[in-house]
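Both complexes shown next keep subunit A, but they swap its partner, so subunit B is in the first and subunit C is in the second.
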Partner chain A sequence: MLSYYDIDDILLGEEPISVVFQIGANGVGLLDPGSETNNVEKSAKVDLPFWLAHELYLRQAVSINVPSCYSLKTRKEIQADAACVDLRFRSPYFYELGCKLLPLVADKSIGPFLRYAFTSRYKEILCKSHSITGATPKFSSKLTKEESLLLEAARSSMVAFKKWRVGGSRLEKASILGRKRKPPMPTQPSGS
Partner chain B sequence: MAGQSNPHISIFSAPEVEFLAEDEVVEIVPNIKMDAVNMICGDFGPFFPQIATKVPLWLAVALKKRGKCSIRPPEWMCVERLTHVLEAERESPREFQPLPFHYVEMSKLLLDNAHEDIPDIYMVRSLIEDIRDVRFHKVETGLETISGRTHAVKLKNLSAMEVNIVRPFMVRALQAFYKHDSPEMIQQPESTVNRRAQVVDRGPRVSPCDVEVTGSSPRSSLLQKCKIRETCDPVRLLERACGGEGNSTPFNVHQTKNDLGMRHMDQSIKCIKCILLSEGKLISVLR
Partner chain C sequence: MLYNTHLCFLLLLRKIEDANLDIQTTRNEDHFGAVIHHLSLARNKRCLMSYMYNRAEIIQSLRWKIGPVLPLEIQEKLNYSEEEYYKNHSTAIEAYMSQLDLDLTVDMVPPKDPYIRVKVLDDIGEVCLGDHTISLTPQSLHFIKRVDAEPFILQGLMEEFLE
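Moving on, here comes the complex of A and B:
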């Protein structure tokens, strides 16, 4: 689904990931705000954007820590009442990031956890998605990107159907037709 | 499919579905004499006053607007039939009643344009509204049964507009479930077994050899139409699983045990994840 030009895929790369450097790195002190020299020392803990963390992991320069949004605390909250957890606050790309992180970390329980979270939150989205018509409801601010796209898909198709049913002309006026013609420029020094 | 406003996500807008519905044939009684009209889609007429003839809905509406004919409402569009359908819809919570594929669009066009030709128009209008509401509620309850193990959803007797409304949601939901249930996501290496134990009680776990298919009958057509890259045992198993059942309940979940791992199975049925509707018509194939 994700592709090179997918804006969500690009934004997902910006998510900060906590990593531990396995080797010392010279000249990249700007990555570590706590560093006094221009170097990052071995076993320093640094937050890097996901795209950089991924590349460095492939070169075995860093090891990746599981982000806090997949921590035991979040899992307990999801278990208690999945629909009430504000996942967007934790990470708007909760599912996508989890899928990408899974091969990079040792904790393979993220996969089943993501599925459980999605399955239990899906019910909540479903029962509200086709019935809302007006403003976006309160709970939609808690949804991650993937979930809100799902909600929006249902909502917009229902709105489109209701609009069609109410009727109106099938031929729509082109936006350009209603516009008034611009008054001619007062004094345009033309190069005639 | 050609003519969609948004070809990327294979979505029709409601007016586009209405456009497709206008090809349905209805009976009209002209009040003019006119030669046959030759159209790309066929020849219609000749027209003689008071002699009923069959034309596509768009032509009927065009003639009606000019006062050249009266439209005979289709036989399903009467109070008795619709009352019967509504009762049947309410009685069977897991089954859709057979109605014309474009009944929503046809009824709207006819009720808007030919209101004096339809007897008991208020009753008919409200009955159709009720039927649509009841059916949509059924669709919603059916969607609740979608889970990570759902690979196909069969919606027998669902109409074009109803499918069109749920399509964006359902396609997205199926894709998301498929992604989260893929074998890459659900690994079960031995090293993490103890750690996984805490997750196990969290959700309904899939036993690795459950295959779940929804729906029933003309499954062979599905299998032919979908590109099956590898014809191996899982597909045949799946075919047997789906073809064996004769009932027609939509969203019915049949489970089959087989002795192949989920991973193997998953790869072969990856390509036949699709949304079906009435009589096995293949509307949208994912992957």
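Moving on, here comes the complex of A and C:
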């Protein structure tokens, strides 16, 4: 499923990860806003995108800190009421990033935590997908990318099922043609 | 930006060489600087390649969803090589279909009846269907072969008429 061209995998790589440089690096001062020279010093703490943090970790140039979205605070919130936690705000790729981080950090409790969070939220997503219709409700703005896809899949199959029961036209205009953007509203002449 | 990254990369490599260190085994600050620049180049390349590839996938799928001729609103969004790509892809499919003597782009939804009742939405004009021509004027109803109607429905020029 993951390929070189996968857009989600690329976007996941943009998530910021806090790392500590085990060895300095010259000529890359723009990575460290606090740096006065064009270099990153040894033991500097810098936020890097995940793709770079991962590669540098494999070369033993940095050590990775567990991002705050998997902190104790989040875990307590998830335990209290999983479905109410805004995971999209923490990271739209909360689960995928967690899976990728797991081999890179010492804290192995992330794995069971992610599974717990996903299973308890999954139930809620399925229940909600049957009841909500129309405009995006407040609930779906808290979902990660993967969860939104699940919600959408559940909703569209429900719609397809209802349509099948009623019967009707199964041939339709290609959906891409309907997406034509509306021209901008003509400006109202002001004044009298 | 790309050029700049490449330049930094080369400068750092030069610096390692000037210090008379082995470029294969040195792991100093210059090495990691160069590694970061190198990885950035590869990353930028991946982003650009992915963008092109995903557009190409969509363009391919258009042939199956809309037909051999793209509406203007889509065509004006394609660049020259994408237009060429679409034409070549379309020609390849058509060559294959004429070899098979079968239109593969129709009946994507399994048909219940080979004939279909349709209402014309847009002025299509005189069309030759099989052995006779019919005039497809707006709001007229027709009972025609499903395979003939399907391309028009996909393009939004007619719709299935249901009692």
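Quick note on the criterion: the second predicted complex is superposed on the first by the 161 of 192 C-alpha atoms of A that agree within 3 Å, B and C clash if a C-alpha of one lies under 4 Å from a C-alpha of the other, contacts with A are read in each partner's own complex, and residues count from 1 in each chain.
Here is the rule we use: contacts are C-beta pairs under 8 Å (C-beta built on N, C-alpha and C of every residue); 3 or more make two chains touch, one makes a residue touch a chain.
Just so you know, these numbers come straight off a predicted model, no measurement behind them.
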Exercise for the section: Please indicate which partner A:E55 is in contact with in the superposed arrangement: first for subunit B, second for subunit C, both, or neither. Expected result: second
Exercise for the section: Tell me which partner A:Q79 touches in the superposition: subunit B (first), subunit C (second), both or neither. Expected result: first
Handout entry: Which partner reaches more residues of subunit A (counting touched residues only), subunit B or subunit C
Key = B
Exercise for the section: Name the contact category of A:A153: first (subunit B only), second (subunit C only), both, or neither. Expected result: first
Handout entry: Touching partner for A:Y95 - first (subunit B), second (subunit C), both, neither
Key = first
Problem - First, second, both or neither for A:S109, with subunit B first and subunit C second - result: first
Practice task
Answer with first, second, both or neither: which of subunit B and subunit C does A:K45 touch in the superposed model?
Solution key: neither
Problem - Shared contact residues on subunit A - subunit B and subunit C - result: 170
Handout entry: Residue ranges of subunit B touching subunit A (in the complex, touch as defined)
Key = 11, 13-15, 18, 108, 112, 136, 140, 143-144, 146-148, 161, 164-169, 172-173, 175-177, 179-181, 184-189, 192, 195-196, 198-200, 202-205
Fill in the blank from the handout: The answer for subunit C against subunit A in the complex is residues 8, 11-12, 15, 27-30, 32-37, 39-40, 43, 46-47, 49-50, 53-54, 62, 65-66, 71, 73-74, 109, 116, 149-150, 153-156, 159-160, 162
Handout entry: Partner subunit B, residues of subunit A touching it in the complex
Key = 1, 75, 79, 95, 99, 102-103, 106-109, 111-116, 118-120, 122-123, 126-127, 129-130, 146, 149-150, 153-154, 156-158, 160-161, 163-165, 167, 170
Practice task
Under the touch definition given earlier, write down the residues of subunit A that touch subunit C in their complex.
Solution key: 4-7, 10, 13, 23-28, 31, 39, 51-52, 55-56, 59, 61, 168-178, 180
